[in-house]
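Shared between the two complexes below is chain A, which pairs with chain B and chain C, respectively.
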Partner chain A sequence: MKPALDNRHTDLDVMLPFRPAAVTWDAGDWAGLATSRRFGLGLALVLISWILIDSASAQMVGTQGQTVWQTLVKWTPLMMFGPKGEFGGFVLNIVVSFIAMALGTFLGLWLGLGQASPNRFISRSSWAVTQLFRNSPWLVLLFYFMLLLPFFIRIGDTQIEVSGWAKATFALSLPIMANVSEIVRGSMASIPTGQWDSAESLAFSRTQTIWRIILPQCIKRMIPPWMNWYCILTMSTPLISILGVNDGMTLTQDALAAEGRSEFLIPMYLWLMSWFFIYSYPIAMLTRKLENRFAVNQ
Partner chain B sequence: METVAEWFLWLKEAHGIKLTIFYDELDRTRFIGGVWTTIHLSFVCVLASIVIGIAGAWMQMSPLVWVRRIMGGYIAFFRNTPPLVQLYFFYFAVDSALSGLLGIRGGILSSYGWAVITLSFFAGAFNTEIFRAGIEAVPKSTTEAAQALGYSRFQIYRYITFPLAYRVCLPALNNNLVNLVKTTTVAYAIAVPETLYIANQIWSDEYNVPEMMNVVWVVYILLVGVLVWLMHRWEKAIRVPGFGQ
Partner chain C sequence: MTTTWTPDQPIVSVKDVHKSFGDLEVLKGITFDVMKGEVICIIGPSGSGKSTLIRCINALNDIQSGSIKVEGQEVNNPDLDKLALRKKVGMVFQQYNLFPHKTAIENVMMAPVLVLKESPKEVEARARSLIRKVRLEGKEDSYPGELSGGQQQRVAIARSLAMNPDVMLFDEVTAALDPETVKEVLVTIKDLAAEGMTCMLVTHEMGFAREIGDHIYFTDRGIIVEHGPPKTFFKKASDPRTREFLSQLL
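Up next is the complex of A and B:
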């Protein structure tokens, strides 16, 4: 979701910079968030509505004698950390997002450099790979690699089982790779050509120019879109539940099936969504803040 | 058509590649139906999300602080929660709660209906931000100049603000709409019979997972590729001269 015409001014001030914001409200700074009045007000509202929902539903329960709140508390450890002795739950979503992001960033950096290569074959094929994974739906990629990668890898005589979540992580890292590749290419293109020329006149080799001159300047521009993609990736991790990985979504549905009562559906799903929200919202705000700060310096 | 079917039959006999959709009447009809569902689901969602975006951007600039806050909350909610969970939430939880409340048996909307609603509001949240940023990119001095020339408020919006704003936000909007088309695959989870879902049915019946998986991938690459190409042409055709690159 990069703004296409970011922060470039023309001499004629026909248009102001186009900048879709992550969120409308501007909470002062990072540390000030927790103490800001608006945040406190919002938190109080959420808590009050919880208590209201809870007490309202406490009257309609009765038979099993458990309120919505008690039920949520009962299932929270399972939804958060997975079944005992296994790795799963919401924590798995976060771990998958970390690994997929790291892998995708690493691969995407090389792919992006490949796109900028003077060798036509390398740049064309890097471009093709980037477009291929950028334009495929995430769920299709997940299906593709979950179903077609082997269940076992044989090295010599030992068989190593490839777990579902490892394959899912790999599949999720591919669209990240493609988008990081585009971020790298775009930010390299935004560095003035004078930088390349002066590096050449100082007898830097091409490799030295890229690693010591161009990329360090790119990092600042790459961080906000990169963080944006991290948020999108985290929001996509529940897709792995469709393929049977025991993530937070799967376990929430298991818990709902075990309870088997339709009045728990809304609170339970909201409970899970609130975890994602609490995790992602601060990152989105920080992204917006960094975008604004870097925009001024340009 | 006959020769194509024969060639794929030969492919199956000679190499064991079972592309049933090319020679089996039933599978072909099913698959084309699936692709068609993807296309019209995308089309309806794109239109609805644009309408939501325009209405949302208008509400976000409302003088009433609570309207703005509610819009802020809507955007924050849909942007920071997973689309799959949103889909489950609306299809399973909201549907059963509403049908219980209204006393309707068997749910109030089909899975297709809930997919349209959820995905449109999901993409609409992004569109709202994009449109608002586009409108804000038109400087006040420009609209004031129009005012001085005797344009009415509506005329200013119709002839000055809108043509400029939509040109500036088109690249970001297109990006989001392409994303929306890719996100329609998530409707698989609530059994909307779109391409991926139908392909799953076919490979369960025919045991041809690798073949169908590749077909699905190619179909989506083509669909999204055509869309990206069209949007790109459009962007080029209407871009504001002397602005941007």
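Up next is the complex of A and C:
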């Protein structure tokens, strides 16, 4: 009888039982946890239970007036849409995120193309602008542009007021521009040089090569990091409350001040936070899904 | 800059070409002529400058000194009309380099429509016949990712032919292929050669070079060590370097 193949006594590595490497957590793993379904459910549970407990305790204490739930419902229209006849609230946060993203993407695309330019002056200056805005704190940028940009623009005899939220949106679009610029530059650099060679040998101009051949291939690679930045931007929009813009954060503070009940502090902010969470979480999930899909198809 | 060229003159004329990458001189005075309809094969060890040489003919790499003329047009010229040159010279690469976001037929049609501004309808008819010619009927709407290496390489050949070139450059076009699919690409090139297309091949397929080539050039360390028609080249190579190289392969 042949002896059974004993794979413990062999000098061939491939015969040895596979042992996964020791588990270590890096930044990517933490990011993965933060966007996992289990984590989302957990957070939602914590959120709900917190509100329930708090509302129960508020009732138990027997403070005058309404329960937490009644208060949240009362203030929701203001926190969501802003004061009557004005534009503000959580919806303003979303609008600011849309406009800043659109503007940042548009500017970032050109800046990224500038970084890839064969002209040294253009590429170096695009690189410098990119680095400047990538490495500046967002809040500092916000203060800076709030003070730098005029309150009124005069065109002929008409004065146009530049609202605070418009300035804030512009300021927020700048770090997005810089990061999109890096995404564009990086994904263009990741396209094999053979694509440039074959386009050149077929007599395509540089502009045609970039717009018809290189960028269409980059889009797949750019979308997941781009969506990631959109989430980060949305999460950062409450920063504009510091500049007195009537966003969701400012109005939540106003509502709290009007109520004057310190036990509502945590439930009210949790309420606002849950809106951001509900808005961003699906985007984060989709980003992750796209990342996985594109990673397989590359 | 194009001087009048007549078919009795060399279609490609390379004279004393020097090319360096930084301090590394990869071409050290290369001279040869290719007549219209001729098929030449350039062989040699890795790093001998074969690929660089044919990339220079297409102006993908510039040269430091010397002269390269394609149908009388000087390539080593700062004011080179690259469009005119590349209409005359088609090139196929080792890694196929198809555009992955376009179907096979779109790959073939793209350059004539966008660069030559021809009408898409006429180009499409020509593209379909080219795809038939490289024996890929039915694969017109496949994306490169859905095709085998050999099929992709044949689309790449059709794509170059769509520009109606007078000279075709093939840069180790079978080096990345499975042995079974090498043949289908070689058959395509053979068909082209039989139709009278001027072809310059950098290749490691010695059997193919012997069968198809009108003239074989052996390069080593940036110079042409030896050349001749395949019959004499493969049987009576005189230079020891050529003999050593051939003995390792044949």
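Quick notes on this one:
Operating definition for what follows: the second predicted complex is superposed on the first by the 240 of 298 C-alpha atoms of A that agree within 3 Å, B and C clash if a C-alpha of one lies under 4 Å from a C-alpha of the other, contacts with A are read in each partner's own complex, and residues count from 1 in each chain.
Please note the rule applied: contacts are C-beta pairs under 8 Å (C-beta built on N, C-alpha and C of every residue); 3 or more make two chains touch, one makes a residue touch a chain.
Note that this is a predicted model, so its numbers are computed, not measured.
When chain B and chain C are set side by side, the one touching more residues of chain A is B. When both complexes are overlaid on chain A, the residue A:123 reaches neither chain B nor chain C. Contacts of A:70 after superposition on the shared chain: neither chain B nor chain C is touched. In the overlay built on the shared chain, the residue A:212 is in contact with chain C alone; chain B does not reach it.
Within the superposed three-chain model, A:195 lies in touch with chain C and out of touch with chain B [touch as defined at top]. Of the two partner chains, chain C is the only one touched by A:204; chain B is not.
Against chain A, the residues of chain B that register as touching in their complex are 60, 68, 71-72, 75-77, 79-86, 88-89, 92-94, 96-97, 100, 126, 129-130, 132-134, 136-139, 141-142, 164, 168-169, 171-172, 175-176, 178-179, 182-186, 188-189, 196, 209-210, 213, 216-217, 220-221, 224-225, 228, 240, 242-244. Listed in rising order, the residues of chain A touching chain C in the complex are 192, 194-195, 197-205, 208, 212-213, 216-217, 297. Remark: chain C residues 58, 60, 82-83, 86-87, 89-91, 93, 95, 97-101, 110-111, 114-115, 145, 156, 159-160, 163 touch chain A in the complex.
Every residue of chain A that touches chain B in the complex is listed here, in rising order: 1-5, 8, 10, 12-25, 132, 135-140, 143-144, 147-148, 231, 234-239, 241-242, 249, 253, 262, 265-266, 268-270, 272-273, 276-277, 280-281, 284.
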